Amino acid sequence: MTEYLQHMINMLILGSTYALLGIGLTLIFGIMRIVNFAHGELYVFGAYFVYFVAVLLGFNFFLSLLFAILAGCLLGALIEVALLRPMRGADIDTTMLIMIGAMIVMQNTEQYVWGGVAKSVSTPFPETPLVIGDFSVSWLRLFVFFAALALIAAAYFLINRTKLGKAMRATFQDRDTAALMGVNIQAIYMATFAIGSSLAAAAGALLGPVYVISPQMGNIASLKAFAVVILGGLGSIGGATIGGFILAFAEEMGAGYVSSGYRDAMGFLLIIAVLLFKPTGLFARSERVG
Amino acid sequence: MKRLLPCIALLALASVPMWLKDPYLLNAFVTTGIFIIAAMSLNLLLGYTGQLSLAHVAFFGIGAYTSALVALGFDVELVGGIRVVHEPWPVWLGFVIAILVSGVCGYIVGKLSFRVRGAYFVIVTISFAEVVRLVALNWVELTQGPLALTSIPPLTLGLPGLGYFDFFSKQSNFYLVLGVVALSYVIINRLVNSRIGRAMVALKENEWLAVSVGIDVTRYLVLAAVVSAAIAGAAGSLYAHYLKIIDPDVFLFLYTVTMVIMVITGGKGTLAGPIVGGLIFGFIPVVARSFASPELQWILYGLFMILIVFLLPQGIVPAIEKWFGVGEEPREPGATKPKLQDVP
Amino acid sequence: MMDAVPTQIQPALTIEHITVHFGGLVAISDMNFVVNEGEVVSLIGPNGAGKTTAFNVITGFLQPSHGHVSYRGASLNNLKPHEVTSLGLARTFQRTSVFQSVSVFENVMIGLHRRGRSRLWDTLLALPREHESERELNERAGEVLALVGIERRSRELAGSLSYGDQRLLGVALALATDPSMLLLDEPVSGMNATETARFMRLLNRLRELGVTILLVEHDMPMVMGVSDRIVVLNYGKIIAEGPPAAIQGNPEVIRAYLGQGAKKRARD
């Protein structure tokens, strides 16, 4: 029982960052119809940026997180303008190829710049974990959990309560009508990609210090983001949030009770299962036909 | 012209080991040839049926592992204590079984993943490839995991009355690979220029219209997946017996990406495309190794891929054909194919 | 295609109690009608009345929420579109109607898919049956193109044809499947008067060949000119059915169309 609860705590922490990663990806897919293969690389970018600012430049840890999120936002906007804007109207496979190209360039640039040796970031949190009864959780992870929740809440607020969010939702519903109503589609696309990217960078910035940072961690991050998004249904933000926790749950259970080697396989098995039984994802409204 | 050019190309390539004695370059030819076979098989799916499958490396890897394991033998205990012992078999049998097993995997993956299209399809195929990679990594009893399968014997060919011949040297492997390239070319050529190929192109162009003239979508997509996977499995088998060592890294996503780059650079949906693209990307590392580290090479690959999609979305071969005013029907640049959801 | 016009009235396509919901929206409610062998029946109604939806239900592209469709006694419910086609029902589409980037001839060759006899092995081993089958298909493709009247365009890319010729090629594709019944979805929309007249001649030729036709069309002179019977849909319901003369004077039909006109004026 204790072991089970410990798994649950881990699941919540992991799930919150998966959700963060997934929301960014699903936002980009839902509004722009782009499968962002570079999503994981933006995650890595966030992690390295924290390393760069906090360790190499010696800034305050929390400030570094903020910088990483802003830098992710800028990089996302740049990618959108440079790579995606010229290909507006191309089919989904074409933009996928471009994003795969971007992924390869980014991943190997990271490798080139930072080398293959993993980096670690020290944090201002105490080394000794917080112990309550039989459970223990590190302060850093606790912080990551609440920071991720805060960012998820901020994303919800942005999308549901702001003018920008309203325009994004309108674009999601019907791009052409939104354009007719005076929504600046180009600006919305850029904002969407920038926000999605900053969420990925935020996830990397938060998780980087928990683990170590290496260029290869982007691959698995991308694939996990795909899993989260498929679970929730492509384009569904609420779905991605829940999907993040489901994936984390499956991984914790898989690693805890099956074999830790197959932890990463859980997401893919879930994807395959979901697509077999409910191809639109667990939470997406079924699309209207006609 | 259309028949002559492939024959000339084949003869030219066949002469390579006669004048090229540099083992490094010959090695580059052999590995490039193996990847060309894989790219050709991917082209059947990507170029002719229009499905961006990113599971291709899985079939390649399954072929490699199957062939190696058949030749090496194994001893594993399955769930429920069932012990399976396999004594080593002749290597050529491994090659045949690799093709069959990959084909069967292609059938299963095709049946499952062609229920969905577009982004979903792409993600399912990646997921499949990752699951296979994790199995190869973690089923240590069978695959040795990260320790790799080593001492894989070279492919042998038993000719009645002539005794056994083994493909050990680079020269002999060159001809073996060239032979499989030629055979794959013939198979794919016949397939795409038949009723089956027309059905595939119809699916790519406009799935709803194809269905309305009575083409069974799933059947032809799955058929393409099976043939494609089987050929990729053959390539994987050649790879295993040539390198004599394989580890779970054969399943890396980057290999799928390499195949995809070869196909789109050369020209998807053209017979020569994967060969031209394959030669280019097979020899970029040969040229680039003097001045660029592997990371830089990959950065170049990525940039090249983006540039091709931007500037030459149909690839090199159609561009050349257009230049000389010959060739296959021009295809609309960026023509969007209606997805199932879009049609009433 | 059948060679002779059937002499007695036999139902070919039967639609019984078809209802289609999209979420909460009712696209078609309790639709019933019959198309007899050799007949030309038109399905008309204002935009959004459910005509294309009805086509999609008949041809297996959409499963109805309730009801039953059958053709020559065989149930079409739960059949996939390609299975419906193999029963002899072929359709054309309102919009995307040809394979744009291959030649006109190749288009028809694709349409002849079901007539091909070669198997996978014939193809891979280039056996005689492959060549035989291909030769037959080639011949047949020429015939179909000649029937529709675009044989001189056969080497051109389908996408480069004029709009009217593309519509004709769309019909050729459907005819290539050797249908006993054709469903045409707004075949003359966007055609000029000459092209429309040409199309009406083709339609009459098909009728002579004994092909049953169900037509969705907005061009009223054409509908009145070619139809044996007309079924009028409005808001997913059949509001009238009968020969052209009776429909022309039907007050409810006039109201449905006028109502739409009035709405359109209000919007402008």
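Per-chain numbering from 1; labels A, B and C assigned in written order.
Simple rule for what comes next: a contact is a pair of C-beta atoms (placed from the backbone, for glycine too) under 8 Å apart; a residue touches a chain by one contact, two chains touch by 3 or more.
Computed from a prediction, not measured in an experiment: that's the story for all the values here.
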Chains touching both chain A and chain C, listed by label: B
Chain whose Cα centroid lies at the greatest distance from that of chain A: C
Central chain (distance from its CA mean to the mean of all protein CA atoms): B
Chain A and chain C, separation of their C-alpha mean positions in angstrom: 48
CA centroid of chain A to CA centroid of chain B, Å: 32
Centroid distance [mean C-alpha coordinates] between chain C and chain B, Å: 41
Touching two or more other chains - residue numbers and ranges from chain B: 344
Residues of chain A whose C-beta touches two or more other chains: 289-290
Multi-chain contact sites of chain C, meaning residues that touch two or more partners: 53, 56
Chain C residues touching chain B - in the complex, by the definition given at the top: 52-53, 56, 59, 61, 80-82, 85-86, 90-91, 93-94, 96-103, 106, 109-111, 113-114, 116, 118, 120, 123-124, 126, 130, 133-134, 137, 157, 159, 173-174, 176-177
Chain A residues within the chain B interface of the complex: 29, 35, 83, 86-87, 89-94, 96-98, 100-109, 111-112, 219, 223, 226-227, 230, 234, 259, 261-262, 264-265, 267-269, 271-272, 275-276, 279, 287, 289-290
In the complex with chain C, residue positions of chain B that touch it: 187, 190-191, 194-196, 198-199, 201-202, 205-206, 208-217, 223, 329-332, 335, 338, 343-344
For the chain B and chain A complex, residues of the former touching the latter: 50, 52, 112-113, 115-116, 118-120, 122-124, 126-128, 130-131, 134-135, 137-138, 253-254, 257, 260, 264, 293, 295-296, 298-299, 301-306, 309-310, 313, 334, 336-337, 341, 344
